[in-house]
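Both complexes shown next keep subunit A, but they swap its partner, so subunit B is in the first and subunit C is in the second.
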Partner chain A sequence: MLRATRAHIRKDFTVEFRSRFAVSVAAAFAAITTLSVSLAAGGAPLAPLVHAILYWIIVFFSAMSGLAHIFTREEEEGTSLLLRLVAPPEAVFTAKLVFNCAMLFALAVIITPLYLFFLNVGLPGPGFLALAASGTFAIAASSTVLAAIVARAGGKAALFTVISFPVLLPVLWICISTTSTILLGADADVAGSALFLLAFSGALVAVSYMLFEHIWSEE
Partner chain B sequence: MKKPANILLTADGLSKRYGSGWIFRGVSFNARTGESLAITGPNGSGKSTLCEILAGVRRESAGALACTLDGEPLSAAQRRALVGFASPRLSLYGDLTAGETVSFVCTSLGAGEGHARDLCARMGLERHMGKPVRHFSSGMRQRLKIALALAHEPSVLLLDEPGMNLDAHGKEVLASIVHELLPSTLIIIATNEESEAGLCSGRVSLA
Partner chain C sequence: MRALRPHHLVHLLMPLAIVLAFAWAPAADILGETSRIIYFHVPVAWISVLAFAVAGVCAVLYLRGAHDPLREARFHNSMLIGSYAALLATVSGSMWARLMWGSYWNWDPRETSIVALLLGCVAYLALRAALETNPSRGRISAAYLVVAMTAMPFFVFVVPRIYPSLHPDPLINPDLKIRLDGEMRAALLCSAVAFTLLYLYIFSIMQRISRITITLEERAHEE
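On to the complex of A and B.
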């Protein structure tokens, strides 16, 4: 299982590195939306709550533009049959989860400095970084199985956003409220929020892991 | 040559439907190690679908499929591990080279790469192992698929339209591989080509 998972992770990163499709689309989306918000704000100061909402909306929609690709590509290119033959479903899910987490972390590394710079937000402390890390992990972990469902349902990318939103609502709500408190300079319970996000992700990953074989197998 | 595994594959009334229409109904046969079976039938009769059910990557709608190894029943996942499968429906990663594809498949299956690379050389792909698969012709892709299907020395070899896009030399190599493997392997070939069906001793016809 571990060997198949490692082989699968290496394959996914190699294919993505050569095509750069998902990362390019998501990074372009993140950069364009951040610049658009910056231009629309025109240098006017925004309330911390508005900053928090805008930041997490950009992260959410950037994730939605790229995360489903890891599964839809397999279905569109017809390579999913090869995967079903050579790798156990658990290895496929674990590898896709690792890929999505890595991709969203990379996106967060692009989005966060861009947002702070263009929206003229002061440098937040390590609490914000911990929240951003656990928030992006929660989005990637929760939406990986949804990406598989969307790919099996015909690969409609728009469907991914629609079905992901209600599942990710608790994640976005916690991320936005805690980020807003951090930007206000008040005493935010970052540890509590990060713990909730990690527990939420852990529960969803556990359920996804158990359900994945049924989602992945052909009727 | 590997030690023969005593495989018995029993299909009892296998049926498959999509929506309200049946693709095929009531397919029954027995086949064991050392035997070969041709699945024939007109286009759309469900040969490829039946192969995918036998490979363990698709579920039957009705009927039962049992596979035993030395008399012990195998689950679908265990059966999948013993099967080598090449099919026109199976696509390869265009962004990976042939060598990387061999490496990925062998590592995933827990098999060494030596046998697969020897097979690639036998299929005439030795000089092309560093090329991305998207630059391969359809015949070269078919040769690579056949080599990958044999990479882990499967006990059951399922070949769906194996001669498709192969030139005369490719078909000769394929026939010689089938003859070599037959004593230690259960071979099932889905085809409409009489020359390929003729490689097999038994036949199942899907109407």
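On to the complex of A and C.
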């Protein structure tokens, strides 16, 4: 099982980085949205709450533009049928989960400095970085199972956003309110928010493992 | 003649709840006559939560047991009733908010929670539409429901407790106690029971319709 999981992780990273389609499209999407927000703001100072909303909206929609690809690629290339036959569903799900978490972390590493640079936000402290890390983990971990659902529903990209938004709203809400408090310079409860995000991710990942076989296997 | 079931009591209890709400229970202090909306707004909000919870449980049972269409119809029908109840709770709450808080929408945590429920319904229905011809539609939509149900408690219970609410304290408080006058409490409980029976009544009718539709589809398939 462990060996199968490791093999799938290696396979997913190799295949994705061979074409770099999802990663480059999501990175380009993140850069374009950050630049267009900066262009539209035109250097005007924005309130901390507006910064928090824009930052997390960019992270959310960048995630939506790239995270479903790991499953839809298997359906489009016709490799999902063989995977269903030869690989345990848990190993497939773990590999996709690890890939999506790594990909969204990479995207956050691109988005955060770009946002801070183009929108003239001062350098944030470790509290913000901890929140950004737990927020991106929560988004990636919770939406991986939804990506599998979207792939089974024909891989419609718009559907991924529609079905993910209600599920991820608590994450976005907590992230936005805590980021806004951090940017205001007030004493934010980062540890409490991170704990909430981790509890949320834990619950969703646990349920995802229980459900994945039902979503993945054919009737 | 069909046997009488407990939910048929709705024919008695619903008129009684309406009479109690408008003619027997006193108007609340300060809030005045507008407070009578509590006897409708709270029960529909309750049945929206109940319907989603039933849909979630039915979805889990469907995934664990046999995947037959009638069991699939159970969680789908409950979701449909829950969607309408959530819509009614939003509209009735919004009307009351206009009178009490001065605007139709205030992004109170509970308003946000009901919007999340409504968005969940829209997402579920969009997913069902996308899976129209997929033979695994029941399993995939049930799985989505279970994922959404896992996320919902974080909204309905956690977030309103973190942020201050505009909602009145007598019904929504950390002690989970109803702080209302005896007559108002009795009218509210009667209304809540009547609406719960109404939910069961509509649910049983929808299940009967589903059973007929499934039988007709099976017959057409055999022919």
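One rule holds in what follows: the second predicted complex is superposed on the first by the 219 of 219 C-alpha atoms of A that agree within 3 Å, B and C clash if a C-alpha of one lies under 4 Å from a C-alpha of the other, contacts with A are read in each partner's own complex, and residues count from 1 in each chain.
Just so we're on the same page, contacts are C-beta pairs under 8 Å (C-beta built on N, C-alpha and C of every residue); 3 or more make two chains touch, one makes a residue touch a chain.
Note that the structure is predicted; figures quoted are calculated from it, not measured.
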*Quick one: classify A:Trp173 as touching subunit B (first), subunit C (second), both or neither.*
second
_Which of subunit B and subunit C A:Arg6 touches, first, second, both or neither_ = first
*Could you tell me if A:Ala91 is touching subunit B, subunit C, both of them or neither one (first, second, both, neither)?*
first
*Using the superposition on chain A described above, determine whether A:Phe200 touches subunit B (first), subunit C (second), both, or neither.*
second
*asked:* Once chain A of both complexes is superposed, is A:Ile163 in touch with subunit B (first), subunit C (second), both, or neither?
replied: second
*When the two structures are overlaid on chain A, which partner does A:Glu77 contact: first (subunit B), second (subunit C), both, or neither?*
first
*Which parts of subunit A are touched by subunit B and by subunit C alike?*
218-219
*subunit B touches which residues of subunit A in the complex?*
3-4, 6-8, 10-11, 14-15, 18-19, 77-79, 81-82, 84-88, 91, 217-219
*Mind listing the subunit C positions that touch subunit A in their complex?*
63, 67, 112, 116, 119-120, 122-124, 126-127, 130-131, 134-136, 139-140, 142-144, 146-148, 150-151, 154-155, 158-159, 163
*Provide the residue numbers of subunit B that touch subunit A in the complex, in ascending order.*
52, 55, 57-59, 77, 80, 83, 85, 87, 89-96, 100, 103-105, 107-110
_Show me the residue ranges of subunit A that touch subunit C in the complex, using the header's touch definition._
142, 145-146, 149, 152-154, 156, 159, 162-163, 165-170, 173-174, 177, 196, 200, 203-204, 207-208, 211, 214-215, 218-219
